[in-house]
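Chain lettering (A, B, C and D) follows the sequence in which the chains are written, and residue indices restart at 1 in each chain.
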Amino acid sequence: MTTPLAPLSQIPAEIVTVADYISYAQARMTPQAWAYLTGGAADERLLHRNESAYQRYQIWPRVLRDLTAAHTRVSLLGKEYAYPIFLAPVAYQRLAHPEGELATALAAAAMQTPFVVSMQSSTDLAVLAAQAPGPQWLQWYWQPDQQASARLLTQAVQLGVEAIVLTVDAPVNGVRNREQRAQFCLPAGVEAVNLRGFAPQPALVSQAGQSPLFGTGFLQTAPTWAQVAEFIQDCPLPVFLKGILHPGDARQALEIGAAGIVVSNHGGRVLDTAPTPLQALPAVVQAVGASIPVLVDGGIRRGTDVFIALALGAKAVLIGRPYMYGLAAAGAAGVAHVLHILRTELEVTMALAGCHNLDAIQRDCLGDAY
Amino acid sequence: MTTPLAPLSQIPAEIVTVADYISYAQARMTPQAWAYLTGGAADERLLHRNESAYQRYQIWPRVLRDLTAAHTRVSLLGKEYAYPIFLAPVAYQRLAHPEGELATALAAAAMQTPFVVSMQSSTDLAVLAAQAPGPQWLQWYWQPDQQASARLLTQAVQLGVEAIVLTVDAPVNGVRNREQRAQFCLPAGVEAVNLRGFAPQPALVSQAGQSPLFGTGFLQTAPTWAQVAEFIQDCPLPVFLKGILHPGDARQALEIGAAGIVVSNHGGRVLDTAPTPLQALPAVVQAVGASIPVLVDGGIRRGTDVFIALALGAKAVLIGRPYMYGLAAAGAAGVAHVLHILRTELEVTMALAGCHNLDAIQRDCLGDAY
Amino acid sequence: MTTPLAPLSQIPAEIVTVADYISYAQARMTPQAWAYLTGGAADERLLHRNESAYQRYQIWPRVLRDLTAAHTRVSLLGKEYAYPIFLAPVAYQRLAHPEGELATALAAAAMQTPFVVSMQSSTDLAVLAAQAPGPQWLQWYWQPDQQASARLLTQAVQLGVEAIVLTVDAPVNGVRNREQRAQFCLPAGVEAVNLRGFAPQPALVSQAGQSPLFGTGFLQTAPTWAQVAEFIQDCPLPVFLKGILHPGDARQALEIGAAGIVVSNHGGRVLDTAPTPLQALPAVVQAVGASIPVLVDGGIRRGTDVFIALALGAKAVLIGRPYMYGLAAAGAAGVAHVLHILRTELEVTMALAGCHNLDAIQRDCLGDAY
Amino acid sequence: MTTPLAPLSQIPAEIVTVADYISYAQARMTPQAWAYLTGGAADERLLHRNESAYQRYQIWPRVLRDLTAAHTRVSLLGKEYAYPIFLAPVAYQRLAHPEGELATALAAAAMQTPFVVSMQSSTDLAVLAAQAPGPQWLQWYWQPDQQASARLLTQAVQLGVEAIVLTVDAPVNGVRNREQRAQFCLPAGVEAVNLRGFAPQPALVSQAGQSPLFGTGFLQTAPTWAQVAEFIQDCPLPVFLKGILHPGDARQALEIGAAGIVVSNHGGRVLDTAPTPLQALPAVVQAVGASIPVLVDGGIRRGTDVFIALALGAKAVLIGRPYMYGLAAAGAAGVAHVLHILRTELEVTMALAGCHNLDAIQRDCLGDAY
């Protein structure tokens, strides 16, 4: 195994799509970090299905419509964003690039789109807020340590964080075999700096012959609807629930006061047999109606994917691996370029589909592929 | 990368299908020209789906019918053509062969079938009309420069052009990544000679952070239904609209006076997620009824494909890449051979399906593949 | 290209299926002969679909039934055959093995199953009848030369031929590109010896620019329903029509007095886009009811395939390429072994499906695969 | 071919799934034994379909449910087992490892799950019972030798065997071509030691031209419903019927007093065109209602597969090849590890699907994949 290359100082002309970034990114990470950041659960079928699900739809070209006033602006929780492509939470970004979350935050600010910072960020929230002026949201895992939680939330409000994105789909880690085979562990110098003050989680260790998960105390610390309802009630910021796929769970999220939903299967990293977000999206949108915004992530690699997600009812999408490829390959410039590629592709798609704004992107813009 | 070979002076015996031409053609073009002429949009899925769509249908063999008076003649806008396989517009054909459009026009004349000359022809219309006596149509992109447009149209009428084929599906170029990666640009000596007198188009340049397409003035020059209606009204020749897939657009084309429709996705070069022409064809035919002829292009590589398109309601088909392969490999002889192959395959198919003329090719001649 | 090997004198232990014969056979034929005997039309999709069509069905295992009196006998046109696997007509079998049709006839006699001799047999009918005592049928292409036809028919009756199998699906050869690329022509010493007295067929030659098939006189000699009706009426033997797929044609075959039907697409050698025989079989069986027997060929490689064809209504099946593989590899012994393999597999399948005879093999023995 | 390696003395860290064991196992067996233990019937399509059938289903993640009291216990015939993953009968396990069935029995005891010992075990039942204290069931092939059968049954009861699993799906061996090509035969020292006192079976030999299976006396010794009904009536232990797929056979099993059913196609080793167990399972469950437990085997490689089988109505599953891989690679430790992997994966799946016990695993936990 060779040493990872240094990040690119200039983006080569042959990188013209998100996928073009992959080989450049892989060459700049250790195999362990690569397995962690890009791997999925079990046989990684969902990882691929998340992407291929988009091929189920076609987009109808519509011709000769007036596009002179076209734009991509979107309103969300009372704020307006320039275009509906946000940066999903990804943990430990310093695994991908020495500047980690700071590079991402700088790119997000330059490209005027929200960055959802992971609770497991390897960069201090205060540093991000100070150096990158763009909109930031904070991803959250429910924690039994109430005091530390309250402290971090208070800090987030003070730093200008706009929203909390509470991840609910991973009470236990998925069976991430690629990561296990690579024997991944965090290298020295990369840690969840914002969690330093929190009480440690119980370890997942069972005795021989005992139930390997249920026989431990591990699930005692997994959150329930009641605990999350309380969290939302106490939280000074709007709370999205991220990782909802079933419409029944979406309805319950609405009932307990969620500000929005992120339809997601955690990038295929938790349950390999789960539905794809795209497949689950329409029923979730129908379940919550127009009450709260529904976002979606997972498998988006093209501007046409963004268009399809919006046509099926998403208000905006989040991308994860795509910008991590850009980050690993070329730092902040790479992240910005990935956003530029997707935004351009979205606009070209809208022009060809005859849609002059996001409201025009409706279900009947799509056909079924064959 | 080696230098392209010279065109063949004789067609080898092992070339017996359209597909057999591909490797011969590729060896005779630069990689840049090859990427431009054969590439498609984005991931090129549509490029392949255009072809594979034909595999959804089967053709019922019917036995022991009287075929003694069989023929393939077709009437279109008051003229009769020997068989329903026309040559689609392809730009800059001198990229494929030194004689470019002239070789194509000579083959079309010899094989008695219409050649739709691209507005971006690298050969002068006047030269084609003078040297090649076959039927010629002219492909057109709507242009903001009204005076130059009128001049070129007038010349076309004088040269005997039979019809205008107005392309409506590309207000902006598709995301043609293969072409971008190859860093294609027109080589010296190849240009759109018939457009020399036209005012130049605005450039597609956006500022950092700005909307990359919508933020520029580019789409100000894209035509609308109103402008095309006016164009048709003023045009001294019948005008086909090419690039229509949605039945709603087909109805509107009929309303504004189009002489015919070409169901097309621009050879998969514009929107990779669009429907295939074959898939879109039946609804377009139903939308316009028998009022105007519907043609189709995209993915036709076999005489059985022609048969299927006709059975689904097309009056004739256009081929693009197939004859470009023939042109690059062997000039006019190659183009003529490609037409001969497809015409022969069509006749064999008709004989085996028990169809003695094109009117006999109906929907019930087809079955659904499994 | 190396010289073909000599036929095997002993069958190796590792040949235990029909497919195992393929590489042994190919090594023992010239590439030209191999292309001719095993190739299909155009892109050879049908060649593969003929086989894969069988994978659409499952066979229900049924347990613990009494199988002590099981057998595979079948009655057809008043005669009883030991099992329902017959040898289909294949032309010019001396391309595959020096003993050609004689080896096949000997194997058929030893294995007690009918051999349908091709009209284009490279061995004299009289020789076959004299040396091989098994049941023989004669495949027939309708010929304009009435006198020679009558002579050959009379000879066939005298030699004990039991039935005529009139091929109706090839008024013109399919577009057999593999064969064309191999530039196949009959080698010296291999010819259609039983057709020596017949007037030659018109050549298929068209002038430049002329209709390549319809413009020639070729189809003037193709038979029609009326001519075939007359042929059946005059024929002293029962006449099967072979090459029927559409139920409408099946009904017409019944009306004009056909003794039976062979559902077939000519082994995928005529129209690459045709339905598979298996797909067409049920509607043909329904169309003719119990009036006349329906046989089927194409794609049968396993005893389970035979079982499926019978469950869908076939009275018996014919195999072509499978026994040609055996013939090329090991002469009569190879043909006999192929029959033995398939017969054994059929019996094992019947035992596992709980069917003690062919009448027990019904549609509800099958399930739909997924 | 190299000599098989010695079994592993320690399980490498890179083995984290069942599939990871395959290459380690293959390197530790002779090609003949490998072909016998892992091969399937004919083209081995069913072998693969057994596994891929599970991909037809998705599992709905459900979030934020209370999992603090979760467990996997299952009651069966009045006994409780820790989790619903049992060891299926596999013959001649000393082909895989020198300790054969004893290693398996030790692992089963340590992991507290039932081991269904094959009647063709290469280790004496008495040895297993003496040395391995876990629950053991005995697989049975109906034998014409009534006295020897009674003796072995009596011994089984004395040794504490809990149930008999009567295999009904193999009155004749499947067409196991891989095994035939490998020319498998039992090596010296591996035999069915528990059958030593039984009268030998008739050989399956037919004369040339004779019916290869039906023409022999072989099927005279195959059991019928009547004989199995009598066997169940006389048997001092509960009798499962194993190898039932059709709901009609399931109903008949219920009528003759079977204690339970194992839906199985014998690991794809008998009839390659049979349905998969997963596909057959729901109709069998519906046919027998809640009267008797339905188990299933075939294709289970992941804890998600176990979950899906339970959601479709199975009370428990049996695994075969998975633990044979473990046995060949690392003896008892390998078998135990395979069980540990699957049990862990099952618990993680239940946690992510919000199911706190097996009763919560219902049909609506699944979605249809696309």
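Heads up, the rule we're going with is that a residue touches a chain if its C-beta (ideal position, glycine included) is under 8 Å from a C-beta of that chain, and two chains touch if they have at least 3 such contacts.
Values in this document were obtained by computation on a predicted structure and should not be read as measured data.
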Size of the rotation, in steps of 5 degrees, that lays the CA trace of subunit A over subunit B: 90
Chain copies touching (subunit C, subunit D) - same or different residues, decided at half shared: different
Subunit A-subunit D separation of Cα centroids, rounded to whole Å: 42
Whole-Å gap separating subunit B and subunit D, where each centre is the average of the chain's CA atoms: 60
Numbers and ranges of subunit A residues touching at least 2 other chains: none
Contact set on subunit C toward subunit D in their complex: 13-14, 16-17, 20, 55, 57-68, 70-72, 82-83, 110-112, 302-304, 308, 340, 343-345, 347-353, 367, 369-370
Contact set on subunit C toward subunit B in their complex: 42-43, 45, 53, 56, 168-172, 174-175, 177, 180-181, 183, 208-209, 211-214, 219-220, 222-225, 227-228, 241, 243-246, 248-249, 252, 265, 270-275, 279
